[in-house]
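Chain nomenclature is as follows: A, B, C, D, E, F, G and H, assigned in order of appearance, with residue numbering initiated at 1 for each chain independently.
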Amino acid sequence: MIEIVVNGRRRDVDPGLTLESLLAALELPPGRVAVERNRRVVPHGSFATEPVEPGDCFEVVTLVGGG
Amino acid sequence: MIEIVVNGRRRDVDPGLTLESLLAALELPPGRVAVERNRRVVPHGSFATEPVEPGDCFEVVTLVGGG
Amino acid sequence: MIEIVVNGRRRDVDPGLTLESLLAALELPPGRVAVERNRRVVPHGSFATEPVEPGDCFEVVTLVGGG
Amino acid sequence: MIEIVVNGRRRDVDPGLTLESLLAALELPPGRVAVERNRRVVPHGSFATEPVEPGDCFEVVTLVGGG
Amino acid sequence: MKSEKLTIAGRSLGSRLIVGTGKYPSFEIMRQAHEASGSEAVTVAVRRVNLSDRSKESLLDYIDPKRFMLLPNTAGCYTADDAVRTARLGREAGLSSFVKLEVIGDEKTLFPDNEGLLEATRILVKEGFVVMPYTNDDVVMAKKLRDAGAAAVMPLGAPIGSGLGIRNLVNLTLILEAITDIPVIVDAGVGTASDAAVAMEMGCDGVLMNTAIAGARDPVRMARAMRLAVEAGRLAFEAGRIPRKLYATASSPLEGTPFIP
Amino acid sequence: MKSEKLTIAGRSLGSRLIVGTGKYPSFEIMRQAHEASGSEAVTVAVRRVNLSDRSKESLLDYIDPKRFMLLPNTAGCYTADDAVRTARLGREAGLSSFVKLEVIGDEKTLFPDNEGLLEATRILVKEGFVVMPYTNDDVVMAKKLRDAGAAAVMPLGAPIGSGLGIRNLVNLTLILEAITDIPVIVDAGVGTASDAAVAMEMGCDGVLMNTAIAGARDPVRMARAMRLAVEAGRLAFEAGRIPRKLYATASSPLEGTPFIP
Amino acid sequence: MKSEKLTIAGRSLGSRLIVGTGKYPSFEIMRQAHEASGSEAVTVAVRRVNLSDRSKESLLDYIDPKRFMLLPNTAGCYTADDAVRTARLGREAGLSSFVKLEVIGDEKTLFPDNEGLLEATRILVKEGFVVMPYTNDDVVMAKKLRDAGAAAVMPLGAPIGSGLGIRNLVNLTLILEAITDIPVIVDAGVGTASDAAVAMEMGCDGVLMNTAIAGARDPVRMARAMRLAVEAGRLAFEAGRIPRKLYATASSPLEGTPFIP
Amino acid sequence: MKSEKLTIAGRSLGSRLIVGTGKYPSFEIMRQAHEASGSEAVTVAVRRVNLSDRSKESLLDYIDPKRFMLLPNTAGCYTADDAVRTARLGREAGLSSFVKLEVIGDEKTLFPDNEGLLEATRILVKEGFVVMPYTNDDVVMAKKLRDAGAAAVMPLGAPIGSGLGIRNLVNLTLILEAITDIPVIVDAGVGTASDAAVAMEMGCDGVLMNTAIAGARDPVRMARAMRLAVEAGRLAFEAGRIPRKLYATASSPLEGTPFIP
């Protein structure tokens, strides 16, 4: 297991994941979210190849109601 | 001739007129005006019989733009 | 006893009173009040002679705080 | 003669002046003015020793009415 | 209980806006403005016919009587007696017993003479008129006019033709609280669309205006603006606005803000 | 020269009203309110997905992307850096390069931190964003934002969610005179329909609001009120209102008044 | 021509402020507030003596008759008849023919019944009273009261005790332009010092207030504030204020700005 | 905790009014106006001496340095650098480390460039100046200036010289709630006495003005008006005004009203 941070909380995940498989593990539909990895936005097109590495810090956001 | 007042001005007219004939003489279409004779409104239906007598005071009005 | 009204309330008083003696009986200092008898103001100078008669209606007022 | 700038205007003055003698030449009472030489304020106490050199840029100001 | 529509003496109108017929650049522009306003009632004045020049076009050729209710006024009358006589003539000329009753008390301000107004109201109500008095924003007078049988009370927002809007929201509020059985219609003072919206948001039943439309650079466009503003104001009144607060309230959620460690 | 329509960075919208998506009683009421508002652009917030509770319905199921342009905001960001990162995430999530840029400077008032706002504007403009900054009613800042490449300037009328309307007509007028090449959109403070009308009458290019609609007793009705008010205000602006005067001007003619001997 | 001092029916007062005597925490605080106010005229009410409890201290023990003119009012009267009778009693009790005439038309707002007020004014003027009627801000009524012989007109700024200030500057301006031969005194509505200053800056001849002082947390301090505010407003009126402009004008000279190359 | 007196960086002034020295009809009238104002601090501008015409009388001959603290300003500076240099010159000329700091951002409105202002504040505070920055009514900027070491914050009420008074009571209230450790002084915008009273009633610590006095028809009289208005407003603030209410409250007692059967 490796330790990463998702939305401010530590979390242990299997090594060797991609962002796509991480989202799948988190049961998040990739089409509705945007992801920042280590302060850099990951384009949707790169989800399948973007690695998940020890110490990574992810922000996974979606659009909600706002003014 | 007899003297009457129409809209504040003295005017000499033939004796024996009715209100209807007075309006005709003044070239006024009876449908568009309202008439007061000596401070009393004359209904349109009485124009044909309402006499015009010496010293009568007529107000002949119509509707115009206003607020 | 005769019946009079003072400030909206019936009251029985001795016959033969003057306004001055009425006020004394009511323990009111005459200098501080104004009196209406039967809707007519009684000048201070007449208190001593103004009679109190059956059925009289008095308003006895003073100055109080107001705006 | 050397060339200096005073309040935005070029001016030829004798070489070897001090700020004090420059102000005197300009007929300015030193107590009422403040002087900046080459973007640095010169304290009143240094007027007598502050040199005036070729190319110097002086701002000589005073207090006037303002809000 | 007030009706869903502006209803005056049992007559319901399809619009809460009443417009005038004076001071337009032309009768044709007036006709288009009336159309754009959506109004169903127009005020008219009663004036002597011009005996020396009968050539003028008639106002009435430009007002469709099937669409618009005529509301003769008594503008220019300075006594109850003149106003009563003018109202009677207006009824005969306009074939309508509705009257916008004015008794003017001051030439410079065109403020009402409320004493004369009340007297004329009493007389005309007895004669079967539907009396809509132009008055000032005095709640005591509004109640007296109502008690005298007026079919509506029409307080001014500001001097006629001034375009100053509703100058005293307090007084209008007090009238709206006191007069709940007949319509309260703001008459005079509206200068632009938001003024009309404000009146309606406060709960007024209608707005009457002339100069704001007729005197605009583009009267037809302003008429349309007024139509929408009156509807907007009424809807906002019905919808129940948010309360005013001094401080901010976020409209986006605080929870879930990104980047908080 | 400003366009007939509200046009931001070349994109024309069919309505001058921009509405929010927060604080509605339900998504369904929001959807109906959006419909009633006539708007074609809606603001949305960017928030962390809730990893422990994914059951929530999605906002986006209630917004037709063909009809509404999404305008992600950076609400809740207190630094330029946070705002820039949020904007980037919002672009990726919303598939739109438009951003309603907020950098908040004070929790109680939610007033902007203009320094941070300007910095974030510069960064995002370089990255190709269409930046619509929420700022206060300071003409100097408005000019700096414009010069930094903002696609619109969005001064507040009053604190967010306060419903206090446009508190400083002078300052807004000064901004409208200075900023003539990009849209000026009042963002925040509108409480009811007439507030929106006032903004448009002054010549603003658009109005953005959330709480005034979402927090009304009947949001759908208030949305319709706002639609009409924005149209009314714009029409009145175009129509050219009458000047304000202290004294009255008769709207009925003086000539021909009856009964004058 | 109006006098340098507030002069009512030939009687000049050393202050333009008239204060009340009601609702103070104590007579002693009232006395101190009167002192601090600088006023020379105080209103008093006429009420039935309490026959069952004569123990109460007397108001008049706390008012120095050499310093203060007594101004009995007719507060609480709802008819002209009651007001006239009360005025007569007040004259006898106060040994003064001045009367602050009130005929109330509405319990909730305490707005005047102008019809009754005018009738009572006419009666009392005939009886030699110096009549100072409390009325609303209606220029037509102000002129009628003047013509009926009132020694001053006293329009309200806002409802009695409301503290809302002067709600309609337009109406008060119109009254001030129309009434130039007798004093115009704002009566009712003042809430704080600036309200009084505003009235005086507009050109009013005096201000009458009760609750604003008596109801303040510190009535004596507020009385002093009002004294200064009335003086300040009057001085500003006389001094001639600068015109209002939309744009700035530098107060420091442009010429001679340093550092310009 | 704020002091009983206006105290800036430990220096207490006997008056809460600060006045300017520009635009008077003559130095002698200025001197009399200063005397009448009761002020103990006057602003002055720093300008190049006129080398071709030294005949002019000196401003300083008309200001008693024992009575008045000199407050040099940086009016006319459009950059932080110019403002800093001007402040340094002003200190040397005025022998005072107090500076009214202005960095102007717009020629037409003379609104501050807050970015430059903040930068100049930081520099001058480090150099030991007592910095009193002229800013707009932005609570976020007020807090930044305070945090940068400003000795007071001086928000504008309206554009300099406009005489429009305090245009945004909401914003000023927010500043007064946020800034409680250093004085808040309204600078610019005051037109007449009541404007100054309003500022003080809100709880401002002082008011600074120039044009309102210097530009009045009678500057000396207006100076006295301002003195009294500032005192009146402060006293009213301390005295605690009555709450505002929509409805009336009788100031005379209801009990004991005569004539009730």
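The rule is simple: contacts are C-beta pairs under 8 Å (C-beta built on N, C-alpha and C of every residue); 3 or more make two chains touch, one makes a residue touch a chain.
Predicted, not measured: the structure shown is a model, and the values here were computed from it.
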{"item": "Shortest contact path, chain B to chain E, counted in steps", "value": "1"}
{"item": "Length of the shortest touching-chain route, chain G through to chain H", "value": "1"}
{"item": "Of C-H and A-F, whichever chain pair has more C-beta contact pairs", "value": "A-F"}
{"item": "Cα-centroid distance, chain C relative to chain G, in whole angstrom", "value": "33"}
{"item": "Interchain centroid distance [CA atoms averaged], chain D/chain F, Å", "value": "55"}
{"item": "Whole-Å gap between the CA centroids of chain D and chain E", "value": "73"}
{"item": "Interchain centroid distance [CA atoms averaged], chain A/chain D, Å", "value": "67"}
{"item": "Residues of chain F engaged with two or more neighbouring chains", "value": "20, 22-23, 45-48, 73, 75, 85, 89, 108-109, 111, 159-162, 164, 170, 174, 210-211, 214, 246, 250-253, 256, 258-259"}
{"item": "Sequence positions of chain B contacting 2 or more other chains", "value": "7-8, 36, 59, 61, 64-67"}
{"item": "Pairwise chain contacts, counting only pairs that touch as defined", "value": "A-E, A-F, B-E, B-F, C-G, C-H, D-G, D-H, E-F, E-G, E-H, F-G, F-H, G-H"}
{"item": "Sites on chain E touched by chain A in the complex", "value": "250-253, 256, 258-261"}
{"item": "Chain F contact footprint on chain E (complex, rising order)", "value": "20, 22-23, 45-48, 50, 73, 75-77, 82, 85-86, 89, 108-111, 159-164, 191-194, 197-198, 201, 210-212, 214-219, 221-222, 224-229, 231-236, 238-259"}
{"item": "Chain H-facing residues of chain E, complex", "value": "170, 173-174, 246"}
{"item": "Residue numbers on chain H that touch chain F, as the complex places them", "value": "105-106, 108-109, 111-115, 118, 136, 138-141, 143-144, 158-159, 162, 164, 167-171, 174, 177-178"}
{"item": "Parts of chain C lying in touch with chain H, wherever the complex brings them together", "value": "7-8, 36, 59, 61, 64-67"}
